[in-house]
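Presented below are the structures under discussion, each in the form of structure tokens.
The same chain A turns up in both complexes below, where it pairs with chain B and then with chain C.
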Partner chain A sequence: MSAQMDDALQTLIIESRELLQNMEEALLLLEQTPDDAEAVNAIFRAAHTIKGSAGLFSLDHVVAFTHVAESVLDRVRDHRLGMSPALGSLLLEVCDHLGQLIDGVAAGQAPDDALSGRSDAIAARLQTYLETPSAVQAEPDFSDVDWPDGNDIAPPSAAPVHGNDSVTSGMWHISLRSGPNLLRDGMDPLSILRYLGTFGQIVNLELILGDIPPLSVIDPESCYIGYELSFASETDQASIDGAFDFIREDSVVRLIPPYGPIADYRALFADMPEDSLLLGRMLVRCGSLTEEELAQALETQGRMGPDSGGGSPAPLLGEVLVAQQLVDKPLVDAALERQQQVKATAAGEATLIRVDAAKLDQLINLVGELIIAGAGAQLVARRLKVPDLVESTSVLARLVEDVRDSALTLRMVQIGATFNRFRRVVRDVAAELGKDIHLDIQGGETELDKTVVEKIGDPLTHIVRNALDHGIEPADVRLARGKPRQGRLSLNAHHESGSIVIEVSDDGGGLRKERILQKAVERGLVSEGQVLSDKEIFGLIFEPGFSTATQVSNLSGRGVGMDVVKRNILALRGTVDLDSVEGQGTTVRLRLPLTLAIIDGFLIGAGNASYVVPLEQVLECIELPDEDKPEQGASYLNLRGEVLPFVRLRDLFDIPGEAPRRENVVVVQYAGERAGLVVDQLFGEFQTVIKPLGKVFSHIRCIGGSTILGSGEVALILDVPGLVRQVTERQPVSRHLPSTLSPV
Partner chain B sequence: MATLARKDAPAVAAEPCQYLTFTLGGEMYAVETLSVKEIIEYGQVTTVPMMPPSIRGVINLRGAVVPVIDLKARFGGQPTEVTRRTCIVIIEMGGSDECQVLGILVDTVSEVLEIPPGEVEAPPAFGARIRADFIRGMGKVGGGFVILLNVEAVLSTDELSVLDELSRQGTPVDAGALPRLGSSVPG
Partner chain C sequence: MNASDQCKLGTSRVVIAGEMTIYTARDWRDRLLVAMSAPGDVELDLSGVSDIDAAGIQLLVSLRMEAAAADRALRLLSVSARVTEALTFCRLTEFFSDALPAQA
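Up next, the complex of A and B:
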């Protein structure tokens, strides 16, 4: 039971965080379109659900705080209060603060004084939006209601006119028949009652114990009890309904508003399994019905009996009510529709399950081992030359490949959630800098591996902050330059040949090449008079300790940042590059692998060693023509009329021994640049499980990682961009070799 | 026997006094048994290109890729010649936050010795063939001395990876020969 409670609490924490995320997004949306009723509803729902779930766990500090926010939101929802930028900011604070409260719950700590103080401060500011206090003194016509203890809970301020069809009780009536699994699901009927007590008063409660079986067959983990209770509260139906959100699935919950129609009670009698008279007595004892009202309800109920039992299928409750003109047809339709919707969402939720990320990682690891073992089996099969065995291992290999692909897709998540976080960053930073900046998000549905997503958050934040701080000019400068007042920052993601490309672009001032160059010369990164291409100049800002910002703000400009960004991205086997047009803006482009675990590779051999090139970077393989065999180093060859620079792996890696008579060229492509790798042998495609090389090799270039071959031997994975860079750096004369080639 | 003794006396963990001895170029060295994970035969080391000679390569240790350090080259000598008795001692370091597994190449593995703390002398200020910070102490065994290695210093990841950095900076413009920086260890 307590373990289940823990699980349930964990779910509460996860869900609350998600809801807060939704709330924040909706709040930011409201800043753009203040009239969006759906957004207001979403915010309200989020706050409401958090309050409801927190109540179930007796997290009183969360409930108390959320309650105030909810009241304000309720007013916004009812158009009694308009959204203003000030309120928006306050609600964002509420959102952040709730996040902190939830973090506290997750850490299992009671809120400290600072946190409670902040709760009170924010709640006090929220109170100013609630112009009239909610407590209204009891009115004289409630003298017939017997308040058991204290008069602190006010009855509804004005009793609606009620005719013969309505009861005289001014209290809510709640009927609950808990499902047998209530306790097993980690719920506690008591905590619901406790939660109800936070916004109203339970006046009377009658327990229904008729379902409790004899002691010999009782299941201690099942819940058998139900109750009828009358409840005095000023809140609306939704809030009370909310208390039962978590048990609605299994249990039967009926809610009849104050001065509810007798027909509702009649329907209650009809639906509940208990004897109507017995139940009626309980309701009278609760104070929800008077004797006369009970008689009236039972009479109609009795009249209904023979009608429905007359051979034809029993009419639906709704039809009965409509036929008796007790309820309007549209009302029933609306209720039915709502039921359908609830069912539809329930079905939608059922197709998604939450899985612990660690379990997925373990699965991926196992699939990795499976691939290595499979490759080993295939190797043995080929050596033994038993046709059947070769056949079956190749079928197995294909299946393993499918398993790998589907296992990897399990870990794929959309980048949209990461992008959306930046709405808040942009809003806050723009406000801090006094700039007006619009964030434009595209390609949020692009998927990539969860592990990659987790690691790009920080670098991306750095780039975005840089763009906001240094890229986009203040409004007056923008206007003077003939640009629109509002700056634009756009985040864009798309897939490109096995990688994901993330672009951060702004329409700001762009980079000033001369200044970068000047600074680089000052710092001794470049010698004076050296001629660099645009790309190389822009590349300088990723050098350690390089910053051209004349002013150091508290956001960026300390010269730490872009080099860290570059290092982080390289660690993910990605690349960063930058395009900029002075006066028009800058685009930073991150190119990242889709996954960090397993790739399709191409196995090549040089000397005794085997190497793997990521398959998506291999364009084609050709034999090295005799006439292009130079004595040493890198050179170029004629590939169908185009110049293809190439490098001999033997030379680059200093592999001892003579090259074989026949050498092959693997044509690789990366980010639009092509190059040839001269190797001894081509072994073909190979599923590559990437094994990290460890910290000792943290500075290594040209090698991206390692993998284990079927033979148990370790093969190194070539890092093609690093390799190309290594070669171009060794040849200072022809620095732009690859970039002058036209892309395929 | 060695492991048994360790289990029996947990107090030993605080003041380790069991050492695995091995020879390297005729000299006797020792490492604490606590950091030794296992000893395997030399075989199938994949060379990692553009690395200093002190980093011999990587091996597949039951699915994990483990770097192998050539101790003789690390101490400034020539790369170890592989013989029938060459072994790789797998060392586990760190442990607290991040555990690092490395292999060291040795000529022969000798035995596990118990050297009480009283029998350990401070390293000599000079005169040893290897850098002073590599030596944790000199163990007195049967009238002779055994060099007790400071594994953390010898296998310092930072230093090893900087070696690799240095080797790259020293790369001559003409492709081909790799610099042999193993003998010019910084510090």
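Up next, the complex of A and C:
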């Protein structure tokens, strides 16, 4: 395969996976609202597009399999087949299986026997939905001939049947009344019709000559002829419409799809100036209508009132309008999906660009370098004290900041897509466990860095599965406990001081503290008699090898899980904690940084070294009061009546030398806990490009990374969560102020 | 444009050659009107028509109808391939069947 084909195939694989995801979401949506026509259309479109693209690459096994599914979906779409839970599940299987087929294509493997066997098995089950009798059309269906080769899987009679009210002609019917100036504008209706002939066959053409005036009064440059034609084509409505694009403005073009509803023809008669009977005869000659259908159309037309419109004015107009509506809807329905598909792709291409993630990363890197270089320039400018230079560098700095922000938003994606994947997980797991669980999603529009999104999928899955398996009780237990039968799991995301908080809550049994404690004692994690706070007890379940499940299911309970979750989250510079009320439910809370690359920092100094604290986590800065200067170690001070534990950076990092006379306290906050950092100097805001520390330093606590200052010096980025934990854990935090402390 | 009109006794003959399109329709209409103003049958020689569009077609149809209304015969003496093709495409050969030469 050539490189170009290879690229195209990659696109097919990516697109197919996206389409399958859409399909899955729509299927799950259909379970909630079985009548959602848009969802059915979305599923159909997905299958149709996959089939089409796979056909381009001669992926016959994919095409054959998808075709059966598409046929079933076509029936659902035409309301010849109702959605049922069984069909929904089957279609989800189709979705999964297609995913496997596409994976196979991606791996460059021909489908093995097991896979093809499964294809056949699912196809066979799909076939049962196709065997219900349907109106059989004698004529070929030109609306679905994009499946030209005789496939061994018999396509169902795919003619869309609009009840009894459809015509039997398998041809498009086109009515054209050219505007008078068409010829003068340089357009020849005949050449447009000839153009139609390039992608279909004009089966019959009837010219309406009645309007041509006698030679003596004819304006030879005006158009007088009307056209009625039946047209056999395999293309969609959009391309037929396209042929008339240039003349649409002042001409009347009516398109009735194959097997179109008689109502369309009725409306045509009503709208066209010609005598209905005369026009009707033409349509019969065209082959678009049979005599019988004409009679049917004219009969109802007659009932609508005299076609001149002179008689009873008000009701007639109304009826005509209704008829108009009737026209538009089925017309649109018939070719809508194809048209929309074309338009959706076109629109999608117009507003979205696929960009290689590596290119984005490179851009972010460059922006990072730009920030460092900009800071350097600013430093020089300040030192030189040239006012113009200082001013221009500060303008530059502001622009760089904007560039940074927009570059970072490029990487931001909404978490909704990740959340939506859990609909399927919840559905399947709930079915497997025989539980009835409703998934509630909130804050899906919350954005976070793509790399973070990619990495939280697995930990989230662990947590969700745990909640489903151990959290939410079986229905009978729930009822016995006076809870609603249906369990509820909610996924919630929101922003909070520079991080994103993701909560997974269930309304299940909650964690049983004494069981956890008992188990922890058994495993020697805690000594007997040790008094632990609730938080500490809950924290135990994140220890390696800890599981309280009495029963090991194939979902969870093997004790590998929560510790892995914690490790993964910590690796993302995030934290995980847990709240639980026994009998009422559990909430697992993940806090993650919004981005991994660049932050707004606050530059501080201790000794000769500089440090950066993420600005979002800085609450305020105060001067350290003289009376609160204890000799060594961490202590606490009185911040407007509250205890604020603090730590000296000099002590923490063992910086030699005397502290200056005036020391400052930076109050930082993380996850609701506050702590003070005592530093020598405050330098102010500083854009910080995070450079990760090497593996050698991975065991160092309290440091999250490093950055390069404008001067070329290295500054360490403080890991506030780690610091806060260290400071607050040293002493039991009590919110009440000891009497020995005097207010600041 | 290149045409010569002949008026035999009781018969007007118009030779149309070159384009019979929107660009020349007005001239041909005038020529045809002249022919119609004289009494008797009308004969058209279309063997030299190189192109014909909707304007040309409707001119022919108009002439055909006017002749029929006045109970005068219209004969298309010889027809270029291009005209035959256009009339066939428009399904108008039947409409002109009594005017077209027998072999067409």
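Please note the rule applied: the second predicted complex is superposed on the first by the 501 of 744 C-alpha atoms of A that agree within 3 Å, B and C clash if a C-alpha of one lies under 4 Å from a C-alpha of the other, contacts with A are read in each partner's own complex, and residues count from 1 in each chain.
Please note the rule applied: a residue touches a chain if its C-beta (ideal position, glycine included) is under 8 Å from a C-beta of that chain, and two chains touch if they have at least 3 such contacts.
Keep in mind that this is a model prediction, so the values were computed, not measured.
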Touch test for A:Ser706: chain B only (first), chain C only (second), both, or neither? first
So, does A:Val643 touch the first partner chain B, the second partner chain C, both, or neither? neither
Check the residue A:Ala480 against both partner chains and state whether it touches chain B (first), chain C (second), both, or neither. neither
Tell me the contact category for A:Asn204 with respect to chain B and chain C: first, second, both or neither. second
Give one of first, second, both or neither to describe whether A:Ile225 is in contact with chain B, with chain C, with both, or with none. second
After superposition on the shared chain, which partner residues are touched by A:Leu278: those of chain B (first), chain C (second), both, or neither? neither
Touch test for A:Phe653: chain B only (first), chain C only (second), both, or neither? first
Once the structures are superposed on A, label A:Lys695 by its partner contacts, choosing first (chain B), second (chain C), both or neither. first
Take the contacts of chain A with chain B and those with chain C, and give the residues found in both. none
Quick one: in the complex, what on chain B touches chain A? 44, 46-51, 55, 57-60, 63-67, 69, 100, 102, 157, 160-162, 164-165, 168, 171, 173-178
Complex contacts: residues of chain C adjacent to chain A: 21-22, 25-26, 28-29, 32-33, 36, 53-55, 57-59, 61-63, 65-66, 69, 86, 89-92, 95
Of chain A, residues touching chain B in the complex: 369, 372, 609, 632-634, 651-655, 691-703, 706, 708, 712-716, 730, 732
Touching residues (chain side chain A, partner chain C) in the complex: 178, 182-184, 186, 188-191, 193-194, 204-207, 209, 212-216, 218, 220-221, 223-225
